[in-house]
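Note that the chains take the letters A, B, C and D in the order they are written out, and that residue 1 is the start of every chain.
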Amino acid sequence: TETDFFPGIPKITYAPDAGAGDVLYFRHYNAEEVLLGKKMKDWLRFSVCYWHSFCGTGADPFGLQTLHRTWNEGNNLMECAKKRLHAAFEFFNKLGVDYYTFHDRDLSPEGSTLEETNRNLDEMTDLALQLQNNTGVKVLWVTCNLFSHSRYMNGAATNPDSHVLAYAGAQVKKGLDVAKKLGAENFVFWGGREGFNSIHNTDVGAELKHMAEFFRMAINYKEKIGLKCQFLIEPKPKEPCKHQYDYDAMSVIGFLKHFGLDGHFKLNIEPNHTTLAGHSYEHDIVMASVFGMLGSVDSNTGSPDLGWDTDQFPMDIRNTTMVMKTVIEQGGLQPGGLNFDAKVRRESTDLEDLFIAHIGAMDAFARGLRNAVRIREEGVITSMVKKRYMSFSHGIGQRVEDGSASLEELEDFVKKNGEPNVTSGKQEKYETVFNHYL
Amino acid sequence: TETDFFPGIPKITYAPDAGAGDVLYFRHYNAEEVLLGKKMKDWLRFSVCYWHSFCGTGADPFGLQTLHRTWNEGNNLMECAKKRLHAAFEFFNKLGVDYYTFHDRDLSPEGSTLEETNRNLDEMTDLALQLQNNTGVKVLWVTCNLFSHSRYMNGAATNPDSHVLAYAGAQVKKGLDVAKKLGAENFVFWGGREGFNSIHNTDVGAELKHMAEFFRMAINYKEKIGLKCQFLIEPKPKEPCKHQYDYDAMSVIGFLKHFGLDGHFKLNIEPNHTTLAGHSYEHDIVMASVFGMLGSVDSNTGSPDLGWDTDQFPMDIRNTTMVMKTVIEQGGLQPGGLNFDAKVRRESTDLEDLFIAHIGAMDAFARGLRNAVRIREEGVITSMVKKRYMSFSHGIGQRVEDGSASLEELEDFVKKNGEPNVTSGKQEKYETVFNHYL
Amino acid sequence: TETDFFPGIPKITYAPDAGAGDVLYFRHYNAEEVLLGKKMKDWLRFSVCYWHSFCGTGADPFGLQTLHRTWNEGNNLMECAKKRLHAAFEFFNKLGVDYYTFHDRDLSPEGSTLEETNRNLDEMTDLALQLQNNTGVKVLWVTCNLFSHSRYMNGAATNPDSHVLAYAGAQVKKGLDVAKKLGAENFVFWGGREGFNSIHNTDVGAELKHMAEFFRMAINYKEKIGLKCQFLIEPKPKEPCKHQYDYDAMSVIGFLKHFGLDGHFKLNIEPNHTTLAGHSYEHDIVMASVFGMLGSVDSNTGSPDLGWDTDQFPMDIRNTTMVMKTVIEQGGLQPGGLNFDAKVRRESTDLEDLFIAHIGAMDAFARGLRNAVRIREEGVITSMVKKRYMSFSHGIGQRVEDGSASLEELEDFVKKNGEPNVTSGKQEKYETVFNHYL
Amino acid sequence: TETDFFPGIPKITYAPDAGAGDVLYFRHYNAEEVLLGKKMKDWLRFSVCYWHSFCGTGADPFGLQTLHRTWNEGNNLMECAKKRLHAAFEFFNKLGVDYYTFHDRDLSPEGSTLEETNRNLDEMTDLALQLQNNTGVKVLWVTCNLFSHSRYMNGAATNPDSHVLAYAGAQVKKGLDVAKKLGAENFVFWGGREGFNSIHNTDVGAELKHMAEFFRMAINYKEKIGLKCQFLIEPKPKEPCKHQYDYDAMSVIGFLKHFGLDGHFKLNIEPNHTTLAGHSYEHDIVMASVFGMLGSVDSNTGSPDLGWDTDQFPMDIRNTTMVMKTVIEQGGLQPGGLNFDAKVRRESTDLEDLFIAHIGAMDAFARGLRNAVRIREEGVITSMVKKRYMSFSHGIGQRVEDGSASLEELEDFVKKNGEPNVTSGKQEKYETVFNHYL
């Protein structure tokens, strides 16, 4: 049948006592288990990405296809597209994940004209809607691929040719229609070509202005059609461009505020992008959250010794604990989620590897969640931090906090109270306590 | 006499035909020569920094003092401080530089109380004012050292202890008074300890709030005393902290806009900090300029294979050309300038090395300026760029530019006009043309 | 005719007074001009690479083909392969370059069996030989592509499956035959997949042993067939693998010496690989030269802010000067050369961009050569360095130099002569003098 | 008494059920517990370093002293030196560590002549010997500080002035005498200034030759005095130099083999140096081990987003597991050990922080050991790897392995057996299984 793309692989279940080699069970992720008043699946809101897991071929800049999937074999592109979608829904079900994400061009092939392309997309989204209704699987987010086609090689919204910007706009218009049709909970903008390869040929000021106008048009159309989803921007510092304008969380926040767009967007943070920007794994998660802008997470990882986007499945428990600690502190990610923007290595050619990778990563995040919950419940770290900042709850500290102090007053305080005490930051103690929970 | 700290070194002069080994002449910098309607010295506004060039000892994390300067030898700290200032003014004069920069604690030693410290500073700034008046040398900017003393080890404005924040506030109040007294044209904030070494012990949201309140108090006091200088923030991504909040230009812009402070500040960009943030040398210069926030430049360089702040003298003509191209495009840096936040290597122990280093760097910037002027005057690159963005001056492009277009209109345009042409970005042509001017 | 793939582009000539925009002339490279007793073309030994310049499509990990070349359009693979070769020779001639380099699979398509593949290669090398004879263009080096086909995804000589190693061996055997047939002056091994993506699944010791045995078999076969060319290994630290065994020059030297293979190889240094290994641009050129192992150079560049192999055309005059200074010091690169392992950006879609890029890079190296010649001829830097090490030409220094000193003798020397003087390293003076020649 | 430098801190004991905040207990390290036939203390061979933990002041390039230790207060340098040594032995005992390491100049202050310096060292090593005998604490290794004094600013063994090289030789002679006197099990060479800051002023070939001669003299003297300890070289890529010759494990191996010195040395690997060289944490541990050169480990960590040597206490369980897995595979580190070349952060100003940091790191390594033991005992990963390389135990694979195959034979094999199968590398499965043990 159309639902037998993964023969021999059963529905994945929770088996906390599974042995080291039993990699087709969850040992930590127990979807319905309630922690801190919420089911694990509602804290984690896992999502599978369509492009890597169903369209990926294993090709890399130095090598040809290694992954041969039955759903990519067929007589024509639309037939393959449909098989692929059936395969994906079989996968979602067996894995037990409620969400998926896709680019418009993942789901459906580009035609020879925009009109034909859009008809293809209509046909595929009809099928997607039917499969969603049959299974209860939902769209975490939709995004438009504005970077693969050669027309976008010099940028989409920031292209020096307004004709290309117009094409990108037409594509986003359709993408927003699709988001509405499929009930997507978010819509992502990733500006893979919005930046430059050479500063010499680039008018940075003009390009930023055009990008802002492009976003404004998208906001207007979203409101016009009554689309309720959250808009998200996904920062990345470089690759494919030498420099991308959405470098990191703070760059995007600065841009949005400069153009008065910050009320309309949150951020979709991908830690592999964060580390490429020179930050620690959790940095942009924390910064976005602090600025009230953390919308969703592309849960993957790179390797700190590699300078490009490897999109690996997240497997480091320290990192997943840090992410989930921040997620808990802000009360969850909804309507965002944890989207596995990750691909099996091109050498992982067995079909089961696709399951093993997702299971391993879901368990890594489930462990992170369980650790973060224990940290929260025991409160040892929280109370150490609270005590550390205590001086801002009274006296001169409180006056700083509420904005009523002045430099003159601070000087008076020092003249009366002299030199402050030197207080240990106790980093190693915090690290040791944190390790206790891993 | 008190003005013979550099015996045997004459006033440095312009000698365009000097040989390779004649390193005590300017071969490119001709202060009074007029280019594009302005004297070279007014385009370049060179400044010598006090800390590296007069206080530096050559110590590094793995080694002890190597630089032994006569002006650091004396019976007590204040005596040395005065000799040092005389030596500095002798140096400024012989080198032919009109500006200097300093931290409060460079100029004058810390006493056992804030009151004693401030008295020391009064005595030293009296002398500085006198030397300024005698020589015509001016203060490009003043800054407060809020990072060396152990009280600041956990931050100044972002310290978890409000007592420390108060101390920093008292220090900045005095720093602003000094800026007024000496007629400083700018005042710099560099947040060397404003960040964190461990995310575990840090309340990022609280610290950012405190930093914003701290800036607000400084603005209020500046206005109260009628200080006219430009406030500047100097971004740096890390070191000494693991992470600094003023990571790069866009981080600072995002922060300032979030807290409504952007009207009161510009940026002091140090390219060695820019490259540590993972950007190309000129990146933050360009971004700050595009956002209308480029105030001044700490003209130094690092080495792309080193991950810390080496503060070397800038010697790369490509880089200086890129910087000066941007400076020309925004009409100059005034009231900012090019401050040599650079130190001779600890192995460069000859007194003449201090001259050679500054001369080499000034010539590197003079060549950069001359190149940028030729690029501007010939207009080859400019007109290539202008032509590239031409489509935004009419039709659909113009409607995007002026904010009147919509996604529907863009879609209509594409339906009528079809696929855009693919246009070469011609990066190698731009690079070749640029090389022509180096 | 078959020689009209670049209509409208003439033979490139030397025009030292060409203007900024006249990018289809050499302004610095004058092939027959003699410097330091050798023609420029013999110092530089430029070579065009086949893969990037004739097989490249502009696809990148985020984007599809942008470069559409007439020589890639045809009814079948062999027909295209022949057109491509004709186009290449037209290009070599118009550009005025005497050498080219290729992978076996660039020149000729893989068939369904090794036998068919080899027949294709025979047919193509017949044509290549004919075109070489007609034009005088020669092969700088041949290499085997042991990384693109899926069979090599887990390594070639280091594959865990000896069947794959056998396949790689068969391919290298044919590659050596081709090298002999076409009179290649060198043969390169680049181990793109010789390394690992995960330390967990890898037996590093076994893989290194297999790689050594593989090289030994290649040496034996080379000797057996009387092939006279130089064997070269090309280091690269990572990409496509997470870690490659041939990390950098010193890693390869250590490996070769460990397995007793160092007499049979030299190194082909690619500076874009060097910078990815965390070194400065010229580092591996210098180290290889010092160890007597510098055989050839893949003259390209990356960007220090990017962590992957961008293979850009070298345009930085400082870098080309440093390379040519080392090349002059070792008396030239022959039988190696400067191979442009560089590709036009995927946005550089005009046919002329292929010429502009090569011309710009050749001129950059010609400027580097001219600068290095002036440095050599004036001798200012050389004599500064010589003087710096003078103490090793007599007394205790000489005894260290010739291996006859002992620790006891050194201690006696210090007891007699006390503390050494501290001598300035004068880095800024060297940099200033060096800049004089740029 | 002289043994009360850490009042209120008891002997640290093993308490596996201690709570999150009970940071003055070992929760994982149980010294006498036997795993895989060896006591934990014999697998781990922990050592405390003298310089960071007893000489460190908390100063950094941007800040003054923060750590005020009673043992550094006294009337003269020798008195302080003795108090410091007493404090150290109290610390070793309370912590329960059997080894320590030091530089000659940590233990005892430099005098005004070499003779006086050596007399100081004699006096201090007399006391050290007495304390060693009293307590059973031993010297893991001694090293000479050839980088802090200004005489070494341009290098020690690679200094352009042979007088400096002679001084370094005299110092190493005494260091070897001290190693013999105190029964040191190893002697380390770390070439902090053996490299260059500017390629322009450096004769790399001459410097490498001098370094080799220097090592040869040390070997000769070691043999002459009958010193039995293991010589170790500690690689580091950069800092304080721009480039150090002992860049990483493979660089040192290449150098040693080139000069025929490899039989006399092993490597002391510091992972914070490894990551600065662009490798993953465990890379040099694994490579050194594979080449039979892993002698000892400086167990610390950096942060992958920081480009300098932070010497932090190792706290990452994944990393410690990887290191101990390799150590177990090679049968232990003896006579080397795990030396904590790590310092408390300068903000960790409480005396207890010195204990907490060591305890946290010892527990991190104890967890790593326990994990590695379970990995070994269960054998899941080992057998997966063994199966992966199985083809080399018979047939064509075996012939490659034993060096008897030829390219012709490989070609014949392929002609008979055709295309190899593509076999999944199963990286995600390995990662998932590995995570099971963390």
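Heads up, the rule we're going with is that a contact is a pair of C-beta atoms (placed from the backbone, for glycine too) under 8 Å apart; a residue touches a chain by one contact, two chains touch by 3 or more.
Note that the structure is predicted; figures quoted are calculated from it, not measured.
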| item | value |
| --- | --- |
| Chain pair equivalent in interface to C-D, over half of contacts matched, among A-C, A-B or B-C | A-B |
| Between A-B and A-D, the pair joined by more C-beta contacts | A-B |
| Rounded Å distance between chain A and chain D, as computed from the means of their C-alpha atoms | 39 |
| Computed distance of Cα centres, chain B from chain A, in Å | 36 |
| Chain A: positions in contact with at least two other chains | 66, 150, 153-154, 197-198, 242-243, 276, 278-280, 283, 303, 305, 345, 347, 349, 381, 422-423, 425-427, 431 |
| Footprint of chain A on chain C - complex, ascending | 58, 60-66, 147-150, 152-154, 192-193, 197-198, 238-240, 242-243, 276, 303, 305-308, 345-347, 349 |
| Chain A residues within the chain B interface of the complex | 113-115, 150-151, 153-154, 160-170, 172-174, 176, 197-206, 208-210, 213-214, 216-218, 220-221, 237, 242-243, 247-248, 250-251, 253-255, 257-258, 276-280, 282-283, 286-287, 290-291, 322, 381, 384-385, 388-389, 391-392, 395-397, 400-401, 403, 405-408, 410-411, 413-415, 417-423, 425-427, 430-431, 434 |
| Residue numbers on chain C that touch chain B, as the complex places them | 19-21, 23, 27, 66, 275, 278-280, 283, 303-305, 313, 315-318, 344-345, 347-350, 353, 356-357, 359-360, 363-364, 378, 380, 422-429, 431-433, 435-438 |
